[in-house]
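Paired with chain B in one complex and with chain C in the other, chain A is shared by the two complexes that follow.
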Partner chain A sequence: MAIEVATIIVINTLLYTAILTLVALGLNIVLGVLKILNQAHGIAMALGAYLVLTLTSLGLPLSRPLIVIVLLLAGLLGGILFASVTAILMIRKLIYYEAIYVLLVTYSIMLIAEDIIKFIWGARSYVIGEVYPLFGTVSIAGISYPVYYFILIIAASIITALTYIFIDYTPLGKMIRAVASDRETAMALGVRGDMIYFSAYIVGCLLAGIGGALTAPLLTLQPGFSLEFLLMAFIVVVLTGLGEIKGLPITAFIISLMRAVAVKFVPELEMAIPFLAMLIGLALRPQGLFGRG
Partner chain B sequence: MFSPRRYESFIYIFFTLLLLFLPLAVPKWIEFLITIALIYTIAVLGLIPLSGLGGLMSFGNGAFLTLSAYTIGLLIRYLKIDSLALLVIPAILIPIIIAWIFSLLALRTRYIFFALITLAFTMLIYTLLLKFYVYTGGTDGLRIPNIALIKGILDLKVRDPVLGNAYAGYYITVITFVIILFITQRILNSPFALGLAALRDNERRAKDLGINPSILYSYAFVYSALTASLSGILYAISVGHIDPGLAHWTGPSAKIVFIATLGGFTIPGSILAAFIYTVLESYALKYLSYYWQFIVGSILLLILLTSPKGLLVLLESLPKQISRTQFLTYSKKSHSK
Partner chain C sequence: MAILKLIDVYVSLGPITILRGVNMSVVEGSITCITGPNGAGKTTLFKTIVGLYKLSRGSIIFDGEDITKRPPRYRVIKGIGFSPDYRGIYANLTVKDNLLLPLMALNISKEEWKKRLDEVLEIFPELSSLLNRGGIQTSGGQQKIIAVARALILKPKLLLLDEPFEGLAPALRHRLLNKLIEIRDKMKCTLLIAEPVITPIRDCCDHIYKMERGTITLEG
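Moving on to the complex of A and B:
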C-alpha cells in the first residue's frame, strides 16, 4: 500500500515538475530580460495545446514517431505565433512601463487572446484521445500508467536541459544573461538590445508553447485552462526569484511535491498549499529562494 | 478669484442629489447598473490612499470583498440571522481583523512583491472557498435571501421598493458611497496623506523624518479592506447571489485595480471610470455575450496604451487638488530588485 502511494506521488510530482518547469522557465526568462511579468504567457501554452488538437484531427496516419513530431511542431508553432503577434508591443512599448502597469496591460491582452481562441476553436471542451493508445501502458507497483507520462517527463527534461545549455554556453545565451543581470552595462559593452529582447521573448514563448503541446493529451481543452498553469508558474517564478533562472526546476519540484502529497492526504488544500507557500515565501524572502540580495 | 476646491464639493453634492432622485425617472435596470458601479467605486475609493498615495498596489480587495459577502451568506445559512443590521457588524469586523493580521506579513514587502503577495492571498481565499464546498456551497455559491433591515423594528426588506421602483439596497449603496466619498476626501487632505506620499517618494528619507511606514501603510491597507468589505456587503444584498469567483484574480480584484488605474487614482476619475467600466461591460455582455472579454479587453488596452494616466485626461480641467494626488508615474520603469 505504502509503495503504491509513494509511486503515485513520485510520478505525479515528476510529471507536474516537467510541465511547470517549461512554462515557468519561459516566464522567468522573459521577466529577467524584458522585466515584464507576462500574464498573457499562458496563451502561448494554450495555442500550443489547441494546435495539437487541430493537427491530430487532420486525419494523418499517426504513428509513434510522427506524434512526437506533431507535438513538438504544434508547440513551436504556438509559441512563434504568439510571440510574433505580441513581440512588437512588448519590446517597443511595455518594456518602458512600470511593473504593476505591465500586469494590467498583459491582463487585457490575455482577455483578448482568450476570446480569439474561443472564436477559432469554440467554447466547448475537447479531449485529445489519439495519443495515449499509441504508446500503451506500463504497470508499476500494481498500478498501470500510460507510457506517455514518461515520454513527457523525458522530453520536457531534455528541452529544459537544452535551454540551460543555450543560456549558459552559447554566445547569444550569455548575452541574454548579461542583459538580464544589468541592462545598461550590457548595452554599454555593445550588446544589441532589440535583438536580445526579441530572442529572449521568442525563447520564453517557445518554451510555453512546447509545454502546452506536450501537456495537451493529459488535459481537457477548454477556454481558460491555461490560467491554472500560469498561476502555478507565477508561484514558481516568485519563489525562485523574479528573473532568476538558476534553481528554477528545484522550486518547481518542491511545489509539485507539495501538491502531489496534498492531493493524496488533504485534497481540500491541494490548490491552497502552493498559494500559502508563495505567501510565506514572499514575506520571508521577497528576493526568492535563489535570488541575490 | 475662481476657487476650484469649492467647485468640486458642489459637483459632489449635485451628483449625490442626482443619485437620490434618479430612480424616479429611470427604469430598474439602469438603477441596478448604478448600484454595481457605485459598489465598485466604493472599493476603488478605499484603494486611493494605499495605491495612489502610498504607491502600493493591492490585489487583496477581492479577498476582503468576498470574505464579507461570505460572512453574510454563511451567517444566514447556519445561524439563520435575518436582519441586516446584525449581519453588517461581523461582515465588517472579520475582514478588517484578517486584513490587519495579513498586513503584518504583507507589509514586509514593497513594489511588485506587495501586488503579488496580495494576489496570492486573494487566490488563497478563492481556493479555500472552492475546495471546502461542503460548507461554502463550492462553485454553486450561496443565495442571499431578501432580508429585512432590522427585524421587528424596520421590516423593510433590502430588495423591496421604497420610492417608485427604487429598492432599499440602492439607497443603502448611495448613502454608503457618500460617506466613503466624504471620508476619502478628508483623508486625501490630511497629514496622513502627505506621510503616505512621502513614503512613496522615498521611504528611507521619510523614515528619517520620523514617519513610521508600517503604521501608515497598515492604516491605509485596513482602510482599503474596510471599503472592500462594505462593497462585499452591498454586492451580496443587491445581487442576491455570491460565488467563489468573486475572489478569483480575474474577478473584482482585477476590476478594482483596473478602475483605479483608469481613474488615475483620483476621486472624480474613479467615479467616472467605474461608471464607464460597468456600462461597457454590461453592453459588451448584452450584444456580444460570447466575446465580451474581447471588447472589454481591447478597449482597456487602448486606453492603457494611449493614456497611461487613465481617463483623467478627460478631466484635465478639473480642480488642482486632483493633480496633487495623481501619483503613480508610468514614465520610466523603476523596477527594483
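Moving on to the complex of A and C:
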C-alpha cells in the first residue's frame, strides 16, 4: 500500500514538474529580460492545448508518430500565435510601464483572450480521448498508468534541456542573459535590445504553448483551465528568484512534490500548501532560492 | 582634427536637467580627460555619447557624422567603445563571454573571435588565466581591466572610460595608465577618460575639461 502511494506521488510529481517547468521557465525568461510579469502567459498554454483539440478533430488517421508531431505543432503554433498578437504591445510599450500598469494590462489581455477562446471553441468542456489509447498503459506497483505520462515527462525534459543549452551556450542565449542582467550595458556594447526582447518573448511563449499542447491529453479542456498552472508557475518564479532561470526545475519539483502530497492526503489544501511554501520562502529568502542577494 | 564634437548638449532625466549646454571636442589620437566632482554629470555625458540617453537639445558629431539620433548599436558599429564606471561585468557569464559579447552582438564571425581575443590578451595578458572564470568570481580591479578589454575588442576609434582608476591600488593604477598610453599609440585609439580626481593621470592627458553642475567650466 505504501509503495503504491509513493509511486502515485512520485509519478504525479514528475508529471507536474515537467509541465510546470516549461510554463514557469517561459514566464521567468520573459520576466528576466522584459521585466514583465505576464499574467496572460497562460493564454499561450491554453492556445497550445486548444489547437491540439482542433488538430485531432480534423479526422486525420492518427498514429503514434503523427500525434507527437500534432502535439509539437499545436504547441509551437499556440506560442507563436500568442506572441505575434501581443509582442508589439509588450516590447514597444509595456517594458517602459511601471509594474502596476503591467499587471493591469496583462490581466486585461488574459480576460480578453479567455473570451476569444470561448468565442472560438465555446464554453463547454472537452476531453481529447485520442492520445492515451495510442500509447497504451504500463503497470507500476500494481497500478496501471498511461504510457503517455512518461512520454510527456521525457518530451518536456528534453525541451527544458534544449532551452537551457540555448540560453547557456549560444550567442543569442548569452545576449539574452546579458540583457536580463543589465540591459543598459548590453545596449552600450552593441546588443540590439529589440531583437533580444523579441527572441526572449518568443521563447517564453513557445515554452508555454508546448506545455499546453503536451498537457492537453491529460486535462478536461475548458475556459480558464490554464489559470491553475499559471498560479503555480508564479509560485515557482517567486521561489526561484524573479527573472532567474538557474535552478528553476528544482523549485518546480519541490512545489510539484508538495502539491502531489497534498492531493493524496489533504486534497482540500492542494493550492494552499504551495502558496504557504511561497510565503515562507519569501520571508526567509526574499530574493528566491536561486536569486542573487 | 576632432573625432568627437559636442555642441550645446542638454540632457534631462525626468524633470531634472543634468547636462546644461555642454560644448567640447576631442582631438583624434589624443587622451582627453574630463574631471569634476561626483554628480557633475560626467557619467551622464558618457551615456549620452554612447546613446543611452537622449538629448533634449544640441548635437553630437562623431567622425564627421551627426549621430545625435542614432541608437547605441549604430554608435558601437561606427567605433565608439565604452567602459562604464560600474564596470558592467556580467556575473552570470564567464570572463571570456564577457569579452566576446560585443562580437556576438555585432554578428562578427567566430573565426574572427579568437583573433580579436588574442589581440586583447596581448595587451592584458593577466586576463588569460581568468577566461573560464565566472564574472562574479573576479575582483573589482580585474573587473576594471575586463571592462576596458571588452570595450577594446571591437577596435574602437574612440574609447570612453568612465572612472577606470577608481578603487584601484596605486601599482595597478600605474600599470593601467601605461596600458592606456599603449592602446592610444598602438591601436590608434582616441581616449576620453572621466575621473573625479585628475592628479594621477594628469601627465598623460593631452587635453583636460573640468565639469561642474552639468556644464564645462574650464579647459586646458
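Worth a mention:
Everything that follows uses one rule, which is that the second predicted complex is superposed on the first by the 293 of 293 C-alpha atoms of A that agree within 3 Å, B and C clash if a C-alpha of one lies under 4 Å from a C-alpha of the other, contacts with A are read in each partner's own complex, and residues count from 1 in each chain.
By definition in this document, contacts are C-beta pairs under 8 Å (C-beta built on N, C-alpha and C of every residue); 3 or more make two chains touch, one makes a residue touch a chain.
The shown structure was predicted, so the numbers you read here are calculated from the model rather than taken from an experiment.
When the two complexes are overlaid on their common chain A, residue A:261 makes contact with neither chain B nor chain C.
In the superposition on chain A, A:114 makes contact with chain B only, not with chain C.
By the touch criterion defined above, A:81 lies against neither chain B nor chain C after alignment on the C-alpha atoms of chain A. In the overlay built on the shared chain, the residue A:171 is in contact with chain C alone; chain B does not reach it. Of the two partner chains, chain C is the only one that A:182 touches; chain B does not reach it. Partner contacting the larger number of chain A residues, of chain B and chain C: B. Legend: residue contacts after superposition of the two complexes on their common chain; A:96 is shown touching chain B, with no touch to chain C.
In the three-chain superposition model, chain A touches chain B and chain C at no common residue.
Those residues of chain A lying in contact with chain B across their complex are 35, 37, 89, 93, 95-101, 103-105, 107-112, 114-116, 118-119, 123, 227, 231, 234-235, 238, 242-243, 267-272, 275-276, 278-280, 282-284, 286-287, 291, 293. If you check the complex, the residues on chain A that touch chain C are 171, 174-175, 177-178, 181-182, 184-192, 246, 292.
Taken in their complex, chain C has these residues touching chain A: 47, 50-52, 72-73, 76-77, 82, 84, 88, 90-93, 97, 101-102, 104-106, 150-151, 154.
Here chain B touches chain A in the complex through residues 57, 105-106, 108-109, 111-113, 115-117, 120-121, 123-124, 127-128, 130-132, 249-250, 254, 257-258, 261, 290-291, 293-294, 296-298, 300-301, 304-305, 308, 328-330, 332-335, 337, going by the rule given at the top.
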